[in-house]
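What follows is subunit A paired twice: with subunit B in the first complex and subunit C in the second.
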Partner chain A sequence: MARKEITIALAGNPNSGKTTVFNNLTGARQHVGNWPGVTVEKKEGSLSYEGYHIKVVDLPGVYSLTAYSLDEVIARDFVVDENPDVVVDIVDASNLERNLYLAVQLLEMGAKLVVALNMMDVAESRRYQINVKELSRLLGAPVVPLVATRNQGTQELLQTVVGVVKDNIEVTGMRLQYGREVEEEIAKLEKVISNNSLSKKYSSRWLAVKLLEEDKEIIKKFEEAQVG
Partner chain B sequence: MDSEQILHAKDESLAHLKRVYGDEAETVIADARYGFISGLLKDVLKKPAIDRLTLSDRIDKVVLNRWLGIPIFLAILYGLFQLTFTLSIPFMDWIDKGFGWLAEPASGISPAWLGSLISDGFIGGVGSVLVFVPVIFLLYIGLSILEDSGYLARAAFVMDRLMHRIGLHGRSFIPLMLGFGCNVPAIMATRTIENPKDRLTTILVTPLMSCGARLPIYALFAAAFFTAYQGLVVFSMYAIGITLAIIMAWIFRSRLVKGEGGHFVMELPPYRLPTIVGVLTHMWERGRVFLVRAGTIIFSVVVFIWLLEYLGALEPIGRAIAPVFTPAGFGQWQAAVTLIFGILAKEVVVGTFGILFAVEEGALGETIATQLGWTPLIAYAFMAMSLIYVPCMAAIAIIKRETNSWKWPGFVIGYTLVLGWLVATLIYQIGRLFV
Partner chain C sequence: MMPLSMVSSGEEVRVVAVRAGWGLQRRLADMGLTPGVQVRVINSQRPGPVVLDIRGSRLALGYGVAHKIMVT
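Let's look at the complex of A and B:
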């Protein structure tokens, strides 16, 4: 089999154990640089698995993907601009409510998402019962339980990532309903957006949502598109 | 499509959504995400029932219980009024005796008009209001304890479910609760409500919350007509106020100021043991206003009323209005006069009775009963009228300032007059069938 290159991006909230997962995946094959143009640290690493050469990019730890902080913009731009083959979202299983917010936003962007349900041991010690299958079904994305601190689940995670790349595992995503009135406005905006050059790169639904969120970066992109 | 057109379309959509939701689209979208997640977690995540409960959590489990929450809240309020009344009796007796002791030599002062001004006007009018200072201060101590301990936030949380059903948010309940102290700061406190429609509705119903200035009226009649059930009768006034506020809020929200309500998470601060200094400070902040009013507005209004009485002008004014109140049982000119001047400040209702009957404070209630021929039922209808009809001048002025138009204060005057008359009439007419 020919060696194939794939890129995966690691996303996740701060303190979700993202760095530990990154170390588990890449071991010593890491190098640290900066994100282009900014002084935010960018960590990359690589590994080989089942004939794939996998490049792993560690995104800044963020809670959300708005345009309010540099970290959030970097994480978002990477997912949109570099279009990684898979985005792995490290989710703290003991704090699902807050952590899933990022996962939902990644799915809204249409990312090929794999949810790594980390800190399963903490969740279990608190006697939380998490129905992993149901979570995966409702999100429309594969979910892999992990205990990164004990390097448990890393193989399963890699299998799932490769499965997604091979199209053996489907990431259908979910279509979030924002409420009738908001949906009507999204539909209107999608129609006017669909002919704009930006819609070649981004989904017009996502652009419409971002416009309604008054996302600085996206508005700027529209303004630039006008000049160019 | 041209970017300029897209950005223009975006602004139109945003303006439309802002109108519909009364909130930024960004917030609505974020709420949709959180809504999705919490709905999802209901199916996916099971937490153990006993999840390392803190003391705060354990108290909340009872206090915020779906079925027990509202009864507990009402029981706490009821207990508060019972305690307030029982504890204040000795203090009120002392003040009463003090004024009685002053009135005797005062009435002998010559010229006769000056003697009358001092004994009937100051002592009868202002004195009859000041007698109730202990009740008010004790109630304020109780309210401060509820607020400082963190219970008031729980009360709002408990009411949140009910408030949601009427289209308001529990956050509106905090200003309403503050209305028990005084409606003016309560109306100002509505500024914390971010949704303008929720805020307007809250402003419109806050005057139905029974404030400290109305307490002397209840205390006067409860003591004279309902000796054994004072606490219960006064508590029922507060309950009528809350109930009407909720009903009217529902009517206003569904007819007058339609539109989506705000979505918030109700914050529940941890319980704290209130400090004595903190409670006394809060009591003083609230109670001071009452004393200042007694010394300024009540004092001058009372002098004015005394003058009208001395000139014999009160009776014609009262007689012109009184027939309106006949269906409610209190169609006597004296009652009408007190209600008219009560618009200036609610304590004045009691003060005016004091001038009209010019008796010792302790005997004022009984005198009203014998001279006007009032029954407990009429007294109760009158108390309800006093609670509901037009809040005081200060509240009207603050509504004008906060809504920035005369439309809403005018509306409040109108609807509270009609509602007060209706409720008093209903109480009297239905009550008559049984008593």
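Let's look at the complex of A and C:
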């Protein structure tokens, strides 16, 4: 039986056009509140598309998903704990390297990612030529070009999101190789982690990488798992 | 080797080291500022921030932070 209620999260760098995309998707059907217990703004909206009722959650604009800032922790926790059906990462096509940093982190976390390649007009005006198909192949995720300020590409984005939900479109993701020495340590850690209850919720490899980064939120989770 | 805060506008330099605690090093690395990266100083006029062209994007750093970044 097809599920008809889906939740999508919008992620992306500040100034990548996330709010514009959010507005294009939800129109006037928006609600602004706060993330629980903090003063960070939380925007939610909804729309109907092809028989699906789609809830859209706007995550705080972040450059990365570390444990060092509240915005990043909120964004990261939402993706892992709420497990949205799709994460749409709004990428500024004219600042590709910086923006893809977040995309790769989301993929490493196992998010069902769709990359919304926004600001294609700016990229074009700078004579950037982006091979969208190749980018999609390398990332293992669909890439949809947009010019959000002109509301161009919104329908294609929705088509792709629904396609991922229906499993017609695959998100295989990518595996970043960190070099022999680091990979050896990751393998050792993964073996130990697979015995831990946390590995049921998070990918063992991702946990291993976070431990090597001395990510304090993840270290805390391991400590809590020992006690419980 | 010199601090990034002393580099003139228009100059291209290479980052050698970040003389700061783990938190700041991590934050700068997240913004693309890692040892070995080439950057171009777009603007370094006081009292404004140090604006860099780094990996195709622009980054603004306060002088305190720029002073901890060693470049050649």
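Everything below uses one rule, namely that the second predicted complex is superposed on the first by the 225 of 228 C-alpha atoms of A that agree within 3 Å, B and C clash if a C-alpha of one lies under 4 Å from a C-alpha of the other, contacts with A are read in each partner's own complex, and residues count from 1 in each chain.
FYI, contacts are C-beta pairs under 8 Å (C-beta built on N, C-alpha and C of every residue); 3 or more make two chains touch, one makes a residue touch a chain.
No experiment lies behind these values; they were computed from the predicted model shown.
Contacts of A:97 after superposition on the shared chain: both subunit B and subunit C are touched. When both complexes are overlaid on chain A, the residue A:29 reaches neither subunit B nor subunit C.
Considering which of subunit B and subunit C touches more of subunit A, the answer is B. Judged by the touch definition given at the top, the superposed model places A:68 against subunit C, while subunit B stays out of reach.
When the two structures are aligned on the shared chain, A:53 is found in touch with neither subunit B nor subunit C.
Once the two complexes are laid over each other on the shared chain, residue contacts for A:150 go to neither subunit B nor subunit C. Comparing the two complexes, residues 96-97, 101, 214 of subunit A contact subunit B in one case and subunit C in the other. If you check the complex, the residues on subunit B that touch subunit A are 1-7, 9-10, 13-14, 16-17, 20-21, 24-26, 28-29, 32-34, 36-38, 40-41, 43-48, 51. Taken in their complex, subunit C has these residues touching subunit A: 22-23, 26-27, 30-32, 55-57. Only residues 63-64, 66, 68, 95-98, 101, 214 of subunit A touch subunit C when the two sit together in their complex. Here subunit A touches subunit B in the complex through residues 96-97, 100-101, 104-105, 126-131, 134-135, 138-139, 174, 176-179, 181-182, 185, 188-189, 192-196, 209, 211-214, 219, 222-223, 225-226, going by the rule given at the top.
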